[in-house]
Amino acid sequence: MLYIQILLNGLMLGGLYACIAVGFSLVWGVLNVINIMHGSFVVLGSYIAYFAYVHLGVHPFFSIVLSGGALFVLGYALQAGLINRVVGAPVLTTLVLTFGLDLLLNNAMLLAFSADYRTVRLENPFGSLIVADLVIPLNRLYGMLLAGALTALLYMVLVRSRMGRAIVAVRMDSEAAALMGVNVKRIFALTFGIGALMAGAAGSLLSLIFPISPIASTDFLGIAFVVCVLGGLGSIAGAMVGGLALGVIQSFGALFIGPQHGLTIAFILLIILLIFKPTGIMGRRGYE
Amino acid sequence: MTRVVSVLIGIALVACLPVLGDNYLLRLGTMFAMYAALALSWNIIGGFAGYPSFATAAFFGLGAYTGAILQGTGVSMFIAWAGAGLVACGFAALLGMAILHLKGHYFAIASLVVAEVLLEVATSWTSVTGGGMGLNLPVLQISVEAQARLFFYAMLTIAVLALGMNWLVANGKLGFALRCIRQNEDASSMVGIDTTFYKVTGFALSAVFVGSAGAIYASWVFYIEPADVFSVLTSVKPIVMVLLGGAGTVLGPVIGAFVFIVMEELVWRNFLSFHAAVLGLLIVGLIFFVPNGILGLLRRRWTSGSRPQSSEENVE
Amino acid sequence: MSLLTLQNVSRSFGGLNALDSVDMTVERGEIVGLIGPNGAGKTTLVNVVTGALRPSAGNILFEGQSIAGQKPHQIGQMGIARTYQVVQPFPEMTVLENVMAPATFAARAGDLEEARGKAMEALRFVALDGAAETIAAELTLAGRKRLELAKSLAMEPKVLLLDEVNAGLNSAEIDGALTLIRKIADNGVTVIIIEHLMKVVMTLCSRIVVLHHGAKIADGTPEEISHDEQVIGAYLGTRYSRGLGAREAAHD
């Protein structure tokens, strides 16, 4: 019974992890840019949700629209204005650039919000569902379901909409896509914006579960990395599988060696994967 | 030859810094030497070989803790510093064999994450490393001025050794092999270059002086903790310095380290709460306006100004 | 003992058989042509021989020693060199430096001076010595092809595999390349040349091996190959090869 509880905890956590990572994976897969700001985007989304609740009474589950929208605009502007100029550049350049931008963003958040951890405390908390001997905290359950819904929505957009098809085409071969009439620059900006949107939305969902602070951005970034490498890069299915897998692995790991080592487990797993199977569970070849 | 002479004169001048009797300047000088050593070291794997390594923090922290632990067992400071360099070198060789087959982003992430893992290990292995509470080092029983001079010369020695190593690598077989690898790794294999051997060697060399610098740093500040010595900024700053000065050159890292520390000190004194943001701005500016570094800018100024372009230079 | 032997060499990618049980020998001093329609497996064969790919099955012997599974740089040092269909220079280095690399690492030149000497020799051989200080990226295509050749010669190879060395060259440049290749063979290097241009293959090669869908379908003199039914069938379709057989029978 204990193991089922741990498994459930892991799955709920994993669903959220997938949502954190899917935007990151998309940007990496399509633009071949690792966006170091991603963790900070998640945190910013959380802050938007927090302030929306505290000042406007908007429930974090609804403010995913707010955070998603705001982050989309930010992401699109950043990409179109700055990052687009270095899209073909060597890995070092794009990594250092997004690192520098993240320093700016993170410092700005620190100054604006201070490093103090905040949590969204709902007036009417959800409580927990108790089934058999299993405890299912409802905020986590709903968070995971919403995260899943969002991810599924993104999948539908990629598969059904014209813009989505263009994004996939650019991911497969940007030159060929350009020859087919796709405005690659705009697709890059859109994709980056969507990546930021998903991060912001994830942040909103997470605001109920994790404490919010600019310091947490590296944790979220680390999760995104591991999920991408674990699940396989550039695909939504990969992010889902990777996220769920990481959640479950961390849950069981916490049982055996303590919850404070969650991130370490993730990173050791990451290194082992990179050494032996960088393409991850789904095996899709990532871009170099 | 004249360049070698001017560099030697430069080193001699820097070595005279203690004469000024200003402890603040001496501290700056020590930091500059440390940054130069880190930047020069990174240049081997990142500049010559073109592999985007973020492992500098891992080597630095490993060196710091090795030095501190060795000193804790009563070993002399100098031996501890040398030992730290060797440990870092050995670790880098092993790590290199594990991750140097990766390219681009994957290599960068792997190298970045190693430092995080080491940080966690240092935080958890309390019996050996003092865990999150950090580790204290034995205090030196000499005057403050004497200490300042000692650590200045120690870091300067490491920096000069690193510079010498860069020069030897640049002009030797290893540097040739690494340059080929950077420009076309598959072709390098085909012309007889054992790419694994040269990459691992370059990676190991890029760790030696970083490890020693870490150990000297630990002795200098008397107290280290994981978040301090394994900080990701320790990996990023040397990269920025080398990009600033000119990657793949021998003097570029030194120039970049100098410019960087001047800017960092100005910002620390005037904008403490913004200093991360200012570093961020510096990086953005660097990427967009000085992509080939200062040496790249100067080179272009010299070649376009002094020599007329010969347009009939067409082969075949 | 043959210089190079392929024994039952296969190489597959997923479900695709790029090479299918290829048996082939190359004797010292030969110029062997390797032809076949696009996708026949010619470049894969070169990749397998030079160590860029491992064979999925089979063995490769060089001077009697098995070399399957060895790393490319080891095979390069043993005396097998190749050129690439899409040239692979070191773009930022000068022509001389480009050639000094194989001289240093494959031919094991003792020091910089020796390497420079060997490199200049190779450059003189391909008549590129005047461009020694040019940056490789600034050469024309013909120049880059010659650079590629010089690099492989600087390895002091016993076997040289040329992968479509004439692609993209005009008629005069091709004649120049042919003369060079003959000179190389005259100097004792065994040459295997992948080519699409029949004029080149027929005039240059003493023997031709034909691949189709990864398998060897013919192995003989140029005369024999040009009349081989299977070869004609592979290039033009079986209608032509059957038609040819009937016409030949009618002539006898």
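Note that the chains are named A, B and C in the order they appear, and that numbering of residues resets to 1 at the start of each chain.
As a working rule, a contact is a pair of C-beta atoms (placed from the backbone, for glycine too) under 8 Å apart; a residue touches a chain by one contact, two chains touch by 3 or more.
Quick caveat: nothing in here was measured; it's all calculated off a predicted structure.
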| item | value |
| --- | --- |
| Maximum inter-chain contact count - chain pair | A-B |
| Chain separated most widely from chain A, comparing mean CA positions | C |
| Centroid spacing, where centroids are CA-atom means, of chain A and chain C in whole angstrom | 49 |
| Whole-Å gap separating chain A and chain B, where each centre is the average of the chain's CA atoms | 32 |
| Computed distance of Cα centres, chain C from chain B, in Å | 44 |
| Residues of chain A touching chain B in the complex | 28, 32, 34, 82, 85-86, 90-93, 95-97, 99-108, 110-111, 218, 222, 225, 229, 261, 263-264, 267-268, 270-271, 274-275, 278, 286-288 |
| Interface residues, chain B side, partner chain C - complex | 173, 176-177, 179-180, 183-184, 186-195, 313, 315-316 |
| Residue ranges of chain C in contact with chain B within the complex | 50, 52, 71-74, 76-77, 81-82, 84, 88-93, 100-102, 104-107, 130-131, 134, 138-140, 142-143, 151, 155 |
| Of chain B, residues touching chain A in the complex | 46, 50, 52, 54, 98-99, 102-106, 108-110, 113-114, 116-117, 120-121, 124, 232, 236, 239-240, 243, 273-274, 276-277, 279-284, 286-288, 291 |
